[in-house]
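Presented sequentially are two complexes of chain A, the first with chain B as partner and the second with chain C.
Moving on, here comes the complex of A and B:
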């Protein structure tokens, strides 16, 4: 039983990473109806950025952590400007191909420049073992477990209460009507990507010290993000976050008790089952984020 | 035969025959790869260009074909040629398995669903060691050998005859696709592509035709996989990699989705060019990504649009809409 609980806690940290990535993905789909195939690759790029800051430039952890979010938001704005803006009103096929092309460029650009060897970024926190509820884990994982829920609550409040959040929800519910009352789509696209990449930046700061970074992780995260989004309800932020946390736990338990080689398949098995049994997702609705 | 058609037939014959005459091994090997991609691109275009469902699972069908031939020949000692039929059948079955859950989805969700299924198949290839030997790959696949009357032997051991074989497969694929596109089935495909709801109202069973397109495309891709297995003698899980999807998307969208000749030309260009320029794989894919991004944004019609523009500029001839578009 103890072992099971330990696996669940491990799974929740992985799940929190999936959730931080997938929430941005769900936001993009919900608000802009754009399926962004580069989202995971932006996370991968952020991982390398953190690695460069911490290992090569020897920036102390708290400073690197504070730098990461604005840097990633900047990256998101540039990405939005170069890739999304030209296609935001085009057919969905064009959008999908454009973002897939961008993902290929990011992925192979990194392989080209840095090679595909996994890089690890151990920090003081990830080397310190602490006791939490009777379980021993690295301080970094504990930080992850405590910080991620706070981020999700903040995101939820932002979307529900703030003017920008309300405008984003308006666009997601009826783009034409929202534009008719003066909400500008390009501005909302910018906000969506800024928030999405800010979440990625936070995830990088929390997760990169525990895991390794390698080029192929980007596409895998994107695909898992899509899978949990399908399970949680297409374009539904809260449903997606819940499904992502579940996936982390299922993967941890599955790796321990079924077969570690098929860990990556669980997301898609869950996705296929959802599609067969409940195509709109667990929390799916017709509209809205 | 119209003069233009005759001229292009002569041109095609010359392009096909010249490398065999020259016998330059490196060139032939590059062209064999190009031939495989022509087959893959045309079969991919059936589902993406003709029916308009953006499947991202195509390399999985290619992989199923390669593994079918690889396993049946090495483990059960079968002759390669009949295994191509089994490969085609299994490719079509895989397409149905992928299609049943995926066709419950539309548009972008369909694309993601098929990509997820392809991912699972690659994981199976990687982890079901008992069947596929996983990352250790299946090795020692015997070459394809066909004895023609008159003592002429076509085999994949030699690039020269291997090239002839893939050209035959490519031409057959082209003709099959052309026949489908200009038939009743093809008109149903195009009706679904233009407006699925309207097509259904006209009595077109869209699920049946979409499944048919995916199945035929998968069967052809599986045969290409079988050919590859006998040609390279090795089958690895990486044959199902995402990289193939990207390359095929570039070929189909730069060639002009739904245009047979555009897709064929693009397949040859996009395989031969980087090989001849000797570009490293990562740099090549980086450039490919840039090209695909630029094409998606600025060049909606692809090569087909270019061909049409050239035809319109040709004095005394009017541009005729071809099969597909």
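Moving on, here comes the complex of A and C:
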């Protein structure tokens, strides 16, 4: 029983990482109907940015953490302006090619500038071992477990209660009607990517210290992001978060009790089963986030 | 008539001049740029293990530069072509095709990834070109090479059957219960099988063998499962980019098993990534090379501004072995290189003997290394074959 609980805890921390990354992806799909294939590579870029701040420039962790969010927001705004704005009203094939091209350029750009050698960013928190509910973990991982739900609650409240959040939801439900009442799509696109990359920045601050960063890491994150979004409901932020946490737990329990070699397969098995049995996803609705 | 005879005589007098001029021009053409000897290297240039590819490229380039500075081979410079196999068998076949058909290499150094090497072996047999492996360790490569098998495949490095035997002797002295964790690819599975067989034969009980995907961020589910069985030792089959987060999470979980590595666990790259000398301090590993302040290491440091990482030396020596084969063959023709490799008999002081047996497998020495306070210490060196 103790091992089961430990695996659930392991899974929740992995799931939290998936959720922080995939929530931004769901937002982009839900509001703009754009499938961003470079989302995982933006996370990778954020990881290198954190490494540059914390290891290379020796910025203290709290300061690096505070800087990461506005820096990633800036990155998101630039990305939206350069890659997304020209294709936001175009066919999905054009959007796919544009974001795939962006992913390749980001990936190769990092390799060209920094090489392909992995980098690590252990912090004081990641080296401090604590006991939580009787289980041993690093303080960094505990921070991840506690901060991630707070971020999700804040995101939910923002989308439900703020004017910008309501406008984003309006665009996700009916783009033309939203524009007819004066909501500007380009502004919503900016906000969507700003929030999406802010979430990535938070994920980098919490997650990067316990893993290594390398240029090719973005692809699997993007693919798993799509998988959890499919399971949770395409474009549904809350559904995506729930599915991501669930996937983390399933992967941990699967590795522990079925076969560790299938860990990556669980996400895609879940995706295929969802498409077969409930194509709209667990929390899918016909429209809106 | 007289005019014709006169014209013919004039041409007859010109013939020697024309012949001499032609010979001179031919000689001038022949004295033009020397055709280089084209060699290739297939490395992991991208992905989570790309540090290996960088080492391959740098080690091989250093050898090529030194050989060319000394006059080349048969008076011809070596031209090196580097391709990326991404440690993926399908990409590896494409990369090999690139070397063979686009770059028209005479021979090439194969991937460090066993899956790629095994996938490329049918290709080299069909085409007829030597693949000299200096890093892949799956025992099946030798089982399928040489007499009765793929006569174009050569392996310079010792394989996992040999290294598992050496490591198991160390482990069996210190523990009676062990677990194995390995990547889910040909390298990992081959190593895990070799360790399981050797450890079991020495009376060590294996609690489990866990497989991971190279580059995966979280090892805690696997480590939690291993921890529950409480092994005294853990055999970690991993290169440094995977071993580093695994080690950190091992410490997070409060695990205390003794570590025996296979890959590049005991390496400067691992120490760089974990950034904490206490993590897996005392880990042991049997490897194909160990730092010894050799001439190669000094040359490497001078060339690249830092000491070589663990995967750099073997491609360096591999280029020298291919150069020696070309010298013996007096030709860079593919079949001649293959035949000459069977005659190569070199000894590198910092590596050991390189002589290919009937299965095209060489047996340089193996090195027992340990991590001590952030440094890689060589505990011993022994022949990989009983002599």
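We adopt the following convention: the second predicted complex is superposed on the first by the 289 of 289 C-alpha atoms of A that agree within 3 Å, B and C clash if a C-alpha of one lies under 4 Å from a C-alpha of the other, contacts with A are read in each partner's own complex, and residues count from 1 in each chain.
Note that contacts are C-beta pairs under 8 Å (C-beta built on N, C-alpha and C of every residue); 3 or more make two chains touch, one makes a residue touch a chain.
Computed from a prediction, not measured in an experiment: that's the story for all the values here.
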Combined model on chain A where chain B meets chain C, clash or fit = clash
Counting only touches as set out at the top, which of chain B and chain C does A:138 meet: first, second, both, neither?
-> second
For A:251, select first, second, both or neither according to whether it touches chain B, chain C, the two together, or no partner.
-> second
With the two structures laid over each other on chain A, which partner does A:109 touch: chain B (first), chain C (second), both, or neither?
-> first
Based on the superposed arrangement, let me know which partner A:210 touches: chain B (first), chain C (second), both, or neither?
-> second
So, does A:6 touch the first partner chain B, the second partner chain C, both, or neither?
-> second
For A:264, is the partner it touches chain B (first), chain C (second), both, or none of the two (neither)?
-> both
If you stack the two complexes on chain A, which partner ends up touching A:92: first (chain B), second (chain C), both, or neither?
-> first
Segment of chain C that clashes with chain B, given the candidates 44-52, 116-124 or 134-142 = 116-124
Where on chain A do the contacts from chain B and from chain C line up?
-> 111, 259, 261, 264
For the complex, which residues does chain A have touching chain C?
-> 3, 6-7, 10-11, 13-14, 17, 111, 115-120, 122, 126-127, 129, 136-138, 141, 207, 210-212, 214-217, 220, 251-253, 255-256, 259-261, 263-264
Parts of chain A lying in touch with chain B, wherever the complex brings them together | 35, 83, 86-87, 92-94, 96-98, 100-105, 107-109, 111-112, 219, 223, 226-227, 230, 234, 259, 261-262, 264-265, 267-269, 271-272, 275-276, 279
Complex interface listing, chain B residues touching chain A = 54, 101-102, 104-105, 107-109, 111-113, 115-117, 119-120, 123-124, 126-127, 242, 246, 249, 253, 280, 282-286, 288-293, 296-297, 300
Seen from chain C, its contact residues with chain A in the complex are 45-48, 50-51, 53-54, 184, 210-213, 215-218, 220-222, 224-225, 228, 241, 244-245, 248-249, 251-254, 273-276
